[in-house]
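Order as written gives the chain letters A, B, C, D, E and F; numbering starts at 1 within each chain.
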Amino acid sequence: MTVRMTELSWTDYDRKVRDENPVVFVTVGSHEQHGPHLPMCCDEVIPTAIAEKVAERIGALVAPSIVFGYKSQVRSGGGNHIPGTISLDAANLIGTIKDVICELARHGIRRVVLMDGHYENTMMIAEGVDLALRDLRRDGITEIKIMRIGYYEFTSPDAEKAVWPDGFPTWALEHAGVMETSLMMHLYPELVHADRLPSHPPADFPPYDVFPMTWENWPSLPKDGALVASTTASAAKGKLLFDEYVQGIAKAVTAEFGLKGTAQGG
Amino acid sequence: MTVRMTELSWTDYDRKVRDENPVVFVTVGSHEQHGPHLPMCCDEVIPTAIAEKVAERIGALVAPSIVFGYKSQVRSGGGNHIPGTISLDAANLIGTIKDVICELARHGIRRVVLMDGHYENTMMIAEGVDLALRDLRRDGITEIKIMRIGYYEFTSPDAEKAVWPDGFPTWALEHAGVMETSLMMHLYPELVHADRLPSHPPADFPPYDVFPMTWENWPSLPKDGALVASTTASAAKGKLLFDEYVQGIAKAVTAEFGLKGTAQGG
Amino acid sequence: MTVRMTELSWTDYDRKVRDENPVVFVTVGSHEQHGPHLPMCCDEVIPTAIAEKVAERIGALVAPSIVFGYKSQVRSGGGNHIPGTISLDAANLIGTIKDVICELARHGIRRVVLMDGHYENTMMIAEGVDLALRDLRRDGITEIKIMRIGYYEFTSPDAEKAVWPDGFPTWALEHAGVMETSLMMHLYPELVHADRLPSHPPADFPPYDVFPMTWENWPSLPKDGALVASTTASAAKGKLLFDEYVQGIAKAVTAEFGLKGTAQGG
Amino acid sequence: MTVRMTELSWTDYDRKVRDENPVVFVTVGSHEQHGPHLPMCCDEVIPTAIAEKVAERIGALVAPSIVFGYKSQVRSGGGNHIPGTISLDAANLIGTIKDVICELARHGIRRVVLMDGHYENTMMIAEGVDLALRDLRRDGITEIKIMRIGYYEFTSPDAEKAVWPDGFPTWALEHAGVMETSLMMHLYPELVHADRLPSHPPADFPPYDVFPMTWENWPSLPKDGALVASTTASAAKGKLLFDEYVQGIAKAVTAEFGLKGTAQGG
Amino acid sequence: MTVRMTELSWTDYDRKVRDENPVVFVTVGSHEQHGPHLPMCCDEVIPTAIAEKVAERIGALVAPSIVFGYKSQVRSGGGNHIPGTISLDAANLIGTIKDVICELARHGIRRVVLMDGHYENTMMIAEGVDLALRDLRRDGITEIKIMRIGYYEFTSPDAEKAVWPDGFPTWALEHAGVMETSLMMHLYPELVHADRLPSHPPADFPPYDVFPMTWENWPSLPKDGALVASTTASAAKGKLLFDEYVQGIAKAVTAEFGLKGTAQGG
Amino acid sequence: MTVRMTELSWTDYDRKVRDENPVVFVTVGSHEQHGPHLPMCCDEVIPTAIAEKVAERIGALVAPSIVFGYKSQVRSGGGNHIPGTISLDAANLIGTIKDVICELARHGIRRVVLMDGHYENTMMIAEGVDLALRDLRRDGITEIKIMRIGYYEFTSPDAEKAVWPDGFPTWALEHAGVMETSLMMHLYPELVHADRLPSHPPADFPPYDVFPMTWENWPSLPKDGALVASTTASAAKGKLLFDEYVQGIAKAVTAEFGLKGTAQGG
């Protein structure tokens, strides 16, 4: 049976929920510019690909993604003034996260993993989860547990050295950088313009934010929207990272929810 | 070039927007039970498939879908108490629609088609659009035009006779019925459980609504969630409808936005 | 004792609530243009008149109306750009419906009928009711039952034939048409301009919506705001429909709430 | 022609708006317990009756009322825990006021009088007006002027002496007191239970509020919901007050909007 | 130990909450123009000073203030169009009050006093409290009790005569008047410009409100923002009032919460 | 003249705004547990102290703080389940930030610095600013510029080495750690319990979040709420950091707003 919840009939889904108390993954992504070389879907398709692989290993399901994320910020994503990016007001993203969790809980789901593909979503997820848990406890549902995972936090020191042999530039600057480019080369090579990999130095941002986010207010923002070079990206690095993320996340989810050692068999 | 906006780099997208003033399609779907024989993604994947085909013909783009829709109602969708359905509160769906339109307008898009795959979304789309237009006019953007299309409204009398030779049951009862089943058989046969097609008589609902939506309050609601039989569905009927919808919508969009005769060449 | 809740003292009302567990009707109307011949109050006064008559028969009460409804749409009401129409944003209409239900429940009311006089209200009522029931169940109030009635759904095939001997134009087009005009002629003849009955053919709308709603975007919209001719309207037809609606709704409410056969005596 | 906007056709209304730039009155009332002797509609019907009389004199219109008001407070209305009272959350009342003003402005209305029949509405009206004016100025509508009138503020010292010869108890305590009872006796005598006029001493409240509003937390609250005796009320006093309010408000509105001396002819 | 909650470590605070079930005071103030002679902090610092003194006497705590209040109205504060005033939309003030109460309740606090320093806050506090209590009861917390105190309501007839020997001008007009000026002279003399005390006659306002609040729409509004003269203010009067407020409020809080006679020892 | 806006009369403030176009600092803080040794006001008083010193140097003003911040997260602040912490729902914090900015802009302020004392506020500030700028541009105010400063980002490599000679633990873990303890020892030594400095090892958190935030779900969370030891804190280190922050921020603000070299004279 597919791990994609949306491809199931409700009757098959319902049976699985009642029989297996499955973990459900939900990606919270973004539709965001990722430089001239990557498609705008990166923050949604990468965590979803990881989630599907983990779900296969541990018998979980993957719900449809919350595609649109919070507004891109200059120092971590280039900024929300760049064409192509589609972001939500905080209220609507928070509300959508709350609703999806509450609906899953209504079905009987008690184990949810929010796969966060976009740094700016972090606190919005925290709020959506908090409001959902508040609502649910008032309906007498208190045994629910929710994980939020930023997959990139599962990069081991070894992998970091392998992927960035000349030094890691910080996760914020990694927007459309070596990690995302490599993962896309591994997962969706047909969507990567390998002939357009940015090669400019990392953005040299000041230690504060300026609003409104405009090209004028941010002279140090590269005009292509990528914050760092990705010329050293490769599908092999992407595979290395992908495998590491799948392995690490499967293990963490298994442990956190007390699942029976299914992760090893993955 | 693909019609899928999300697979484009922002630079390619931006160029197309500035050069071609393209129409952008956005599906507003739902994640809703569709009986024991259909997957829960029907209301999102059918209008998106139509939109992509129309977009290819008329040089348009298709944005990522707004996947989750408004709460299923018993007399048109079985009701929101059935497991598997994931719906949004009105506020969050309205807000998301507003945000997506405003972001597209920020990019320079002035022609938007909202493809509505779920009847219950109708007024929520009306409100999301109204709030977006209100915001946009206060930013001085007044030349934008938005269509809302329920693709099933493009069924011709001839097609109706061909698909329902024994009489059309009303659109409301067509939830998970012959039309949707046929379209899914044509588009995504691997997701249809052809061995489970409901064969019960149409739901015999009273001429009013009762809340809360529960199995107890709605004794006339079929227990499988389908409102009508779909045993007469076929991939051939699906193709007939699909082609008709694509043709009709391409023509309507071309005419409404005053595009130069590109629809004919599709 | 009057059926009008608002004309009662709170002590009389309170006694009735505790002694009789009465049904309470609440109209959700609109203040909307209804062509050159009808007043703007139609969607509020017609369902309220029906509710009062039903209430007299079955011992129910009629609360004050929620007068302002959701935004008029072109294909079912001419559109919200026409002067005179006063509509609410979805959020405010939904919230008002929620509040009124919760207040009635606080009084001890457990049987509510929302009389919907305006098609565009349908989903807003669904949402207001859903939010109210959500709040109430968190306060431990779960035995409440709510009906939503669009009175026109109680038109029998016989009445349809009698009122529209040349064929029924669809409910959407019936805005300010034969049904509403006849009902107003029967109920409030002094408010009908019988010398101004529109006689133009039915609006020939395309099978989709266009926004913003403007005269320019809707060339097929009749300039008088009526969607159809009402020259065949009459007080006699109005009486026929009114009696049918009262009879049918009294019966449905009696049955749905398990009231003791009071409807027969009406 | 009637002053009741809702009884006009949109075409008649529209012509008046364009030709006369009329003042529009909107009552913001409440549905609130008013002791054992008065109906729950007082706060809506009294200001509306005044508004209609003023409108006749000065050529104005009266829009449908915003019937439900803000939550009754103990020291000015007995409290919102008493059965029968139907109040709105602040957000919904504020939003409704905003929407009604914005819709009137869309019609071309530039002179609005909000007739406040319920003390607790005061700041909600201030906020609804502020939000409406904020929205309107962003649409370029800045010449609009709005009055908020609490009709009871138009009581002259002479009338005060005539109505309360033994001393005025404060407006807060006048809830369901001599003024409102007298006005109802004058305007709607059939709705007054003259045999139930409260005769207890004025409520002896502490100089602060206690929440939640319950009978237990407010031992000094009279159990009949009236805050003061009304045994000295009379239709004659009601007429005196009504005439004074009509005269005073007509004069104030005429002066504030710079109308041409029509008030004198009233 | 200080009465200022914010200066405590969480461990000391937590111990006190569990051991003593203390009353917690929270000022709801404003940042509002107070004429040319007073600083803009008056509505926050005066009630906080009173609260701290009361808290010392009765063993209570004082939480950080909710500094920004509801929009200043002309007839009670000069109006929100005057520079320097920083007010919140109703929604945000209401929400903040709700959140602070709910957080205190989460800590275990069951006795809260909201010290209101700004008349326009009154109904916003009522709503914030109502929403908080609604939320809390759904979490099973029903034993909480909340007082709202406008400190000026504790002015005795004797004090009134002493402070305003020539007659009291009404609380509304007392904005930046003798009471507030005297209290500031007593509490924060360094913040009072004694050389700028307004000496103009009281504002002669009409008995209604006009919006938008502008200098043009309110010709009777003194241009310095003070509604009345304060030339008779003095630190001695301030001390008299301060001591009276502290004494009265300590007694009321002690009585209302059934504290054991600690108020006497103050 | 004081830099504290709230201690000014509106007339003095207004003159300064019109004459000098001053920068205004607004702290966005939190009321949050900071271990057993620090008071709960740290996140508000530290950035405010820095802001006041910078304001003195560059002729700026400091507005009252937005005291309550977004909900504490376990991995950066211990979590919002710990007693004493008072946080706001995202909506209310965002709305408050928006309102304060809009009010400052109404006064004529065009240069605002939001001093962020609490990591969890970051995206809420981004949203509050975005909504404010959206509103302001619709009022024709487009020349406004806003900085968001997390003061700790101004720590130089040299200072980092001096303060954490044994290695820097990451900013997230620095909650109630050496930096904040040292700064409080320098600024408010009377509020620091030097005898209670935590000496446990840094919290060993997993690379993901778990909700609900409870002691049970977070076994690795130190029970005193501090995430790291602060035994090496000192007032001298606090002074070093404070001076560095003041110097760096003064320089950055001067440069970003193009002020005339006033920072040097500080």
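Here is the rule we go by: a contact is a pair of C-beta atoms (placed from the backbone, for glycine too) under 8 Å apart; a residue touches a chain by one contact, two chains touch by 3 or more.
Only a predicted model underlies this, so the values are computations on that prediction, with no experimental measurement involved.
Q: Which contact partners do chain D and chain E have in common?
A: Common contact partners of chain D and chain E, which must touch each of the two, are C, F.
Q: Could you report, rounded to a multiple of 5°, the rotation needed to superpose chain D's C-alpha atoms on chain F?
A: Answer in degrees: 120, to the nearest 5.
Q: Measuring between Cα centroids, which chain is at the maximum distance from chain F?
A: C
Q: Same or different for chain E and chain F, where same means more than half of the interface numbers show up on both copies?
A: Both copies, chain E as well as chain F, present the same residues to each other, with over half of the numbers appearing on both sides.
Q: So the centre of each chain is just the mean of its C-alpha atoms; given that, what is the distance between chain A and chain E in Å?
A: So the centre of chain A lies 47 Å away from the centre of chain E.
Q: What are the residue numbers in chain F that touch two or more other chains?
A: 89, 91, 138
Q: Between which chains is there touch?
A: A-B, A-C, A-E, A-F, B-C, B-D, B-F, C-D, C-E, D-E, D-F, E-F
Q: What part of chain C is in contact with chain B in the complex they form?
A: 70-71, 73, 80, 89-91, 94, 120, 122-124, 126-127, 129-131, 133, 145-150, 153-154, 206-212, 217, 248, 252, 256
Q: Within the complex, which stretch of chain A touches chain E?
A: For this pair, the touching residues of chain A are 137-138.
Q: Over in the complex, which chain F residues touch chain E? Could you list them?
A: Spelled out, the residues of chain F in touch with chain E are 5-11, 13-14, 17, 31, 33-41, 44, 63-65, 67-68, 82-89, 91-92, 95-96, 98-100, 103-104, 106-108, 191, 193, 196, 224-225.
Q: Going by the contact rule at the top, pick out the chain F residues touching chain D in the complex.
A: 138-139
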